[in-house]
Each structure stands twice: as structure tokens, then as C-alpha cells.
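Lettered A, B and C in written order, each chain numbered from 1.
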Amino acid sequence: MAESSPFRSAGRLGSLAGIAIALVVWEVAGRAAGSARFAPFSEVAREFLTVLGDGLTLPALGSSLLQMLVGYGAGLAVGVPLGVLMGRQAWADRAFQPWVSMMVVTSTAALVPLLIVLFGTGFWFRTAVVFLATVWYVVITTYQGARGIDPRYLGAARSFGAGGWQTFRMVHLPALFPYLITGASVGLVHAIRAMVMAEMYVLIGFGGRLQQTGLSISTAPLLCYLLLLMLVGVVATGGLRWIGGRLAPWYEEARA
Amino acid sequence: MPGRYGKVRLESWGPQALSVAVGLTVWEIAGRLVSAAILAPPSRVLARMAAMTASGELPALLAASSLHMLAGFGLAVLVAVPIGFLMGRVPWVSRLLDPLVTAFYSLPTVALVPLIVIWFGLFYAARVALVFCMAVPDMIVVMAAGARDIDQRLVDAGRSLGAGWMQQFRTVLLPASLPFVFTALRVGAVRAINAMITAELFFAAVNLGASMKKAASAFDSAGLLAVLATLCLAGLAVQELLRLLETWASPWRQGVGNG
Amino acid sequence: MPEVKLAVRNVSKAFRTPTGSLPVLVDQSLNVGDREFLALLGPSGCGKSTLLRIIDGLVQPDSGEVIQDGRNVTGRTGFGKAMVFQTFDLFPWRTVLDNVAFGLEVRGVDRKTRHERARRLIEQVGLAGFERSFPRQLSGGMQQRVGIARALAVDPDILLMDEPFGALDVMTREVLQDELLGIWQQDRKTVVFVTHGVEEALYLADRVVIYSPRPARVCADLTVPFPRPRSEETRWLPAFAEMRREIGEILKQAGKGRP
């Protein structure tokens, strides 16, 4: 442990250097291009404070994210059991595999016009888009985890007389755990993507604001919105990873 | 061996075909129960696809859409594969670029649409740019993870047998990379096709996107689903093509392409 | 011979492989006395693990039965049997303490009681202080100590050990052999110990059954006469060397008889 800390801090320094270089490039490019085309970082940073304080943007983002959680939650609730079933039962694998492969390659954007015809542009529309963007990635990740459970652990559990439910709780679930975390965070990335896309398409919520900001004279507010979205994504997936590491120390160990 | 393989294929195709048949039947019944404007049954969608194919409309639209998809995807491969590989193998590159890649991976790429409009306008260049931006982060993430996980024992074995830098790359790193390069290509292809239609819906509506928009505003769900099914089939075909390519490129592995 | 604790009757097992059926056990029978330490000795791949897994109930034989205390337990795990595995097979997501407590948890023993018992066993195998560690933080020898403690925790009548020290270095192996003998001396259980080490079998067991290469067939059934408690000196007895040579001869003959 002691010898890994200098590497850790070197890693952090390197990352900071990466961010610093990117910001400098941004600033220089921004000044060269002019704020109508690409506002420099300094201007965006100032604008960021105004946007945070305007009392409209953050609430819009918050309510969009809350609505997204419904579709995302449904995606997890359907995707995890389906993935486990497909990973452990050959019949389920065969029955669902064609549909899953079809849906994974189908772009969510292309579903939007159809979903509008089906659901209108309200709550159900957004929930459906997010659900359809999330669920297949959760299924695939869980499926891979469930298929890869080492039969030796199942044998050891059986040797000690563990029954079906016990084996599921004490072997399948913990063995799946890393995949569940990965599936949840990949699913979340796709959920955020889908939410923004759907809102931009029908011009509502945070995505709608973002789309309309593109029409203003300076790109600074637009870039603020992009920064905000980046932050949300990084914090959300990072948070999921952190919770995963907390709940399952062996998993962090295995990745270290 | 080949005979056995054929048998396994048959055994496993039966249930899959059955599953597709059952799904289509359910859809057919549902489609006939509700209004055709909302959900056309598969029989009508198929008929529409056949008509659109016969008139040459669908192939022409697909070909036109593929133009910017292929251009953007090609550029994305040229950028993402080397960068991702370097991030996986060279620690300081990874440290430097990791925060940026994480940020762009977490940023929904459609959100770049307004910026792309400002820079590239509404037509071909904008579409290529969106495909590129949508495919690159996902491909880098896959490439970097794969390159990082190359079995160090293989690299060490190569080194201890006296392979130089270039030899190591050619004899160990390159073959060890093939599986995840193809994974990156498959992931990138899904994203690129996704971006292809997104671009046509969000910038000036052209090709397949225009056809979808027209069908949607006319409440012609058969037309909508026909385009959607075409996109889905095109996606599956590209995946299958990449899988064949991978099997051909790595004959020493069996049953590749499920990862 | 003392009362029969465990009997294997006319067990056969063949595995299906791509190239056809592979007979591993053909009509094998075996009696194990109560509190007897029995070693099964045979060349690698002859079917020892398969036989032991059939005894444990993990593998269903094609025919024949396993009788324990007069009861037919074929294909059923539990019933006072516990297994120590060749590759340790500890659960990577459980701490040492929870690995050892696993069998008790399965039986519904409450948390406090099972942890208390697990702690005692961890101490007995010399791992006090490592209760909170995860398996991958331990050396191979330590991991197998956990494996032994996990099996002993359920206080089994019959301890099944599948080459438990096969994956360890010679020094660790000899230390663990002595520890196992020490534990067994205190609380004699019926032990079936699979190994391909002649010396290990002689040093540990009351009786050694020697198997031919696959399909396994009994070549010899020898009583080991050395007095207990055994120690390093046992290995230097002239009779020990003599028996080792004799068994080596038997194994060589069996190997020649191979088709």
C-alpha cells in the first residue's frame, strides 16, 4: 500500500497537467476564433457563474435528471433479471438473444419519431426513450457476468450443501456485482445521452434550453451547458464506481 | 469438426427463429388491434420495405446516408485506435488524456449539435463531424481498456526471448490487440450508424432522416417502421461483417466475436 | 478393518467429449473405514478427482452408488462431508472469516456463533490476524489453510481432500502435511485424501489405494504400518523407503499396461 501512494499522486499530477493543457489550448483557440464561434475558457468561466445563479438552468437540469431516473430505474429493473436469466438459462439465451442484438444496434435517435407518434412528447415519451437506451446495455453487461461465473465457486457452494436460493445469494450475486456496477454506469451514460437527445428533439427541459442557446450570439452560454453536462456525467458515473468500491472491496482490490 | 459445428448451428438457430416468429406474431396481432397510424403490423411494414426496395428508393437513401457515416467512422478509427492504444500502454499518455476522455465520454454527443452547426453548417460536413464525435470516445474507452489488459506474461515472454520494440509490437502486441480492436470497431460502428441517423434528424433533414420525418408528420407508421427496420438490419449486417472479418484475421482463435 | 463408514459400489463414469465418450471410471468399488485416513494415489488425469467428486455428490455417476453410514447418498452433497479443493476455490468476495463461516451460514447458523467458530478454526490453522483479509491478499499456502478451515468448520464426519497441497511448493507442503496430521490427531475424522505424491500418501495415510492410468482401476491396496504420531523421522525409516520403492514399481507396471 505504502509504495502505491507516490504513483497515485503522480497519476493525479499527470491528470491535472492534462486538464491544464486542455484549458490553455481552449483559451488560445477561443481567443483566435472569437466568442461567436468558440468562446475562450476565461469568458465561459465567468458566464458559468451567471448561469448557475440564474435560477432557471439548474432547476431545469434537476427536473430533467429526475425524470430520467424513472426510465433508468426501469431499465435496471428489467435489464438485470433478464441478463441473469439469459446468462444462466440456455433457453432464455436463445429466446432473447436475437431481440437483444437487434435492439442494441438500433439507434435511439431513430426511435424518437416513432415514440412521439406512440406517446406524444410528454413524460411517457422521455421515459420510454431513456428506458430503451438503457435496458439493452444493462442486459448485455449482466449477461456477460452471469455467463462467466466460475463453476468452481458453484461447485464449492454445492459441496457445502447450499440450496438454489442460497447459491444465488451467496455466489451468483457477489460474482455478478462488478458487472452490475459496470452495467449500471454504462447504462447511466446511455440514459443521460438519451435524455438530452430526446429533450433537444422536442425542445423541452434542459436539452431544449441547450438547443435554443445555440442560437445566441456568443457560444459562451452553450459551452457552459456542455460543461454542466460533462460534470453531471463524470460525477454520476464516478459516484456509482465509488459506491461499488465501498460495497464490494474485493472488486476494487481486483482492479487495483 | 465441421459437421459438428453445423449441427450446433442448427440446434441453436431453431429456438432463435422460433423466438423471432413468436415476437413478430405478437406484434402483428397488436398492430391489427390498434390503429395503423400508431403501430403498423409487420406484414405491412415488410410490404412497404419491399415496395420501397423495388422502386430503388430505399437502397438509394441508405447509400446516400452511408456516405457521411463511412467518412466519419473512418476518421474516428484513424484517431481513436492509436490514441486508445497508447493510453492503454503508456502510463503518462493515459494520465494526461484520461480526464478529457472521461469528460467527453460522459458528455452526450448530441449536445454538441449546436456547436457543430456553428462550425460546420447544416450539411455534409456537419454530419461527418457528428459521426466522428459520437464514435471516438466510446472507441477510445474500449481500446484503452483492452490495451491495458494485454497479458503482461505474453509481453514478458516476448521480451525475454529478445524481441526488440518493433518486433514486440508486431509479434505480441498486434495479435494480442486484435480482439479488442474488433470490439472497438463493433462498438464504433453501432455509434456511427446511430450518429448517421441522428445527424439527419438534427441537422438539415436529408436521406433516411428526411424520409422518417415525412412519414412521422403524415402519421405513416408503416413508413417509419420500414426505415427503422432498414437501419436495424444495416446495423446487424455491419456487425456480422466485422465478425467475419475478425474470424478471418485471427484464425488461431475459435468462436470469436461474442465479447 | 473397522466399521465401514463410506462405501463406493460399482461406480462408472464417462464424460462426453467432442471426440466421443471418455470412460474415466469403470465399475469401481471402495470401502473406507470409520476414522480411517485413506489415500487415493494415481497418475495425473486418471480420474481421482472425478471419484472424489462423485463421493462428495458434486458429480452424478452414470451407474453405481455411494453409501454413507448405510444410507444411499449418491449425487447428494452435505451429510457431514466436506471437501478441500485442489485449486482452493475460495470465494474471492468473502473475507477469510466469511469464507470459513460459509458452510455454517448455509446451514442457517446465526452470525455470532458461526463467526466465533470460524475464529477458532482460523486460529487453529495459524491464520489469526487475517480474518478480515481477502483471499487474493494471501499466499497459496495461506489460502489452502483457509480451505481446510472452511471444511473443518462444519465439523464433518468425512473430510474429502483433492490434492490439497498439489499447488504448493515443497516446503509449504511439508509444513501443511504436519499441521493436517496434528489436527487429525486431535480429532480423528474419516479422511479421503487424493494425491499423486507417493511420499505424501505414505506419510499421511493408514491405507493407500493405488490406481492405474485412465480409466482408473485399483492396482494395489496397501496398509501403511508406520506408528503415529508421525514426524520427520518417519520419512527416514528404512521401511518407508522400501514401501516408496515398492509403490513406485507398482505405478510403473500399471503405466506399462496402458493400451
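FYI, a contact is a pair of C-beta atoms (placed from the backbone, for glycine too) under 8 Å apart; a residue touches a chain by one contact, two chains touch by 3 or more.
All of these numbers come straight from a predicted model, not from anything done at the bench.
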(message) Among the chains here, which has the CA centroid at the largest distance from subunit A's centroid?
(response) C
(message) Looking only at C-beta pair counts, which chain-chain interface has the most contacts?
(response) A-B
(message) Using Cα averages as centroids, what's the distance between subunit A and subunit C in whole Å?
(response) 48
(request) Find the geometric centre of each of subunit B and subunit C from their Cα atoms only, then give the gap between the two centres in Å, rounded to an integer. (result) 51
(request) Let me have the rounded angstrom distance from the C-alpha centre of subunit A over to the C-alpha centre of subunit B, please. (result) 18
(message) At least two partner chains per residue is the criterion; list those residues in subunit A.
(response) none
(message) Quick check: in the complex, which residue numbers of subunit C touch subunit A?
(response) 53, 56-58, 77-78, 81-83, 85, 87, 89-94, 102-103, 105-107, 134, 136-137, 150, 154
(request) Mind listing the subunit B positions that touch subunit A in their complex? (result) 12, 15-16, 18-20, 23, 37-39, 91-92, 95-100, 102-115, 117-119, 190, 193-198, 201-202, 212-213, 215-216, 219, 221, 224-225, 227-228, 231-232, 235-236, 238-239, 259
(message) Applying the document's contact rule, which stretches of subunit A touch subunit B when the two form their complex?
(response) 10-11, 13-15, 17-19, 21-22, 36-38, 91, 94-99, 101-102, 104-114, 116-118, 144, 189, 192-197, 200-201, 207, 210-211, 213-215, 219, 222-223, 225-226, 229-230, 232-234, 236-237
(request) Flag every residue of subunit A that touches subunit C in the complex, lowest number first. (result) 152-153, 155-163, 166, 170-171, 174-175, 177, 248-251, 253-254
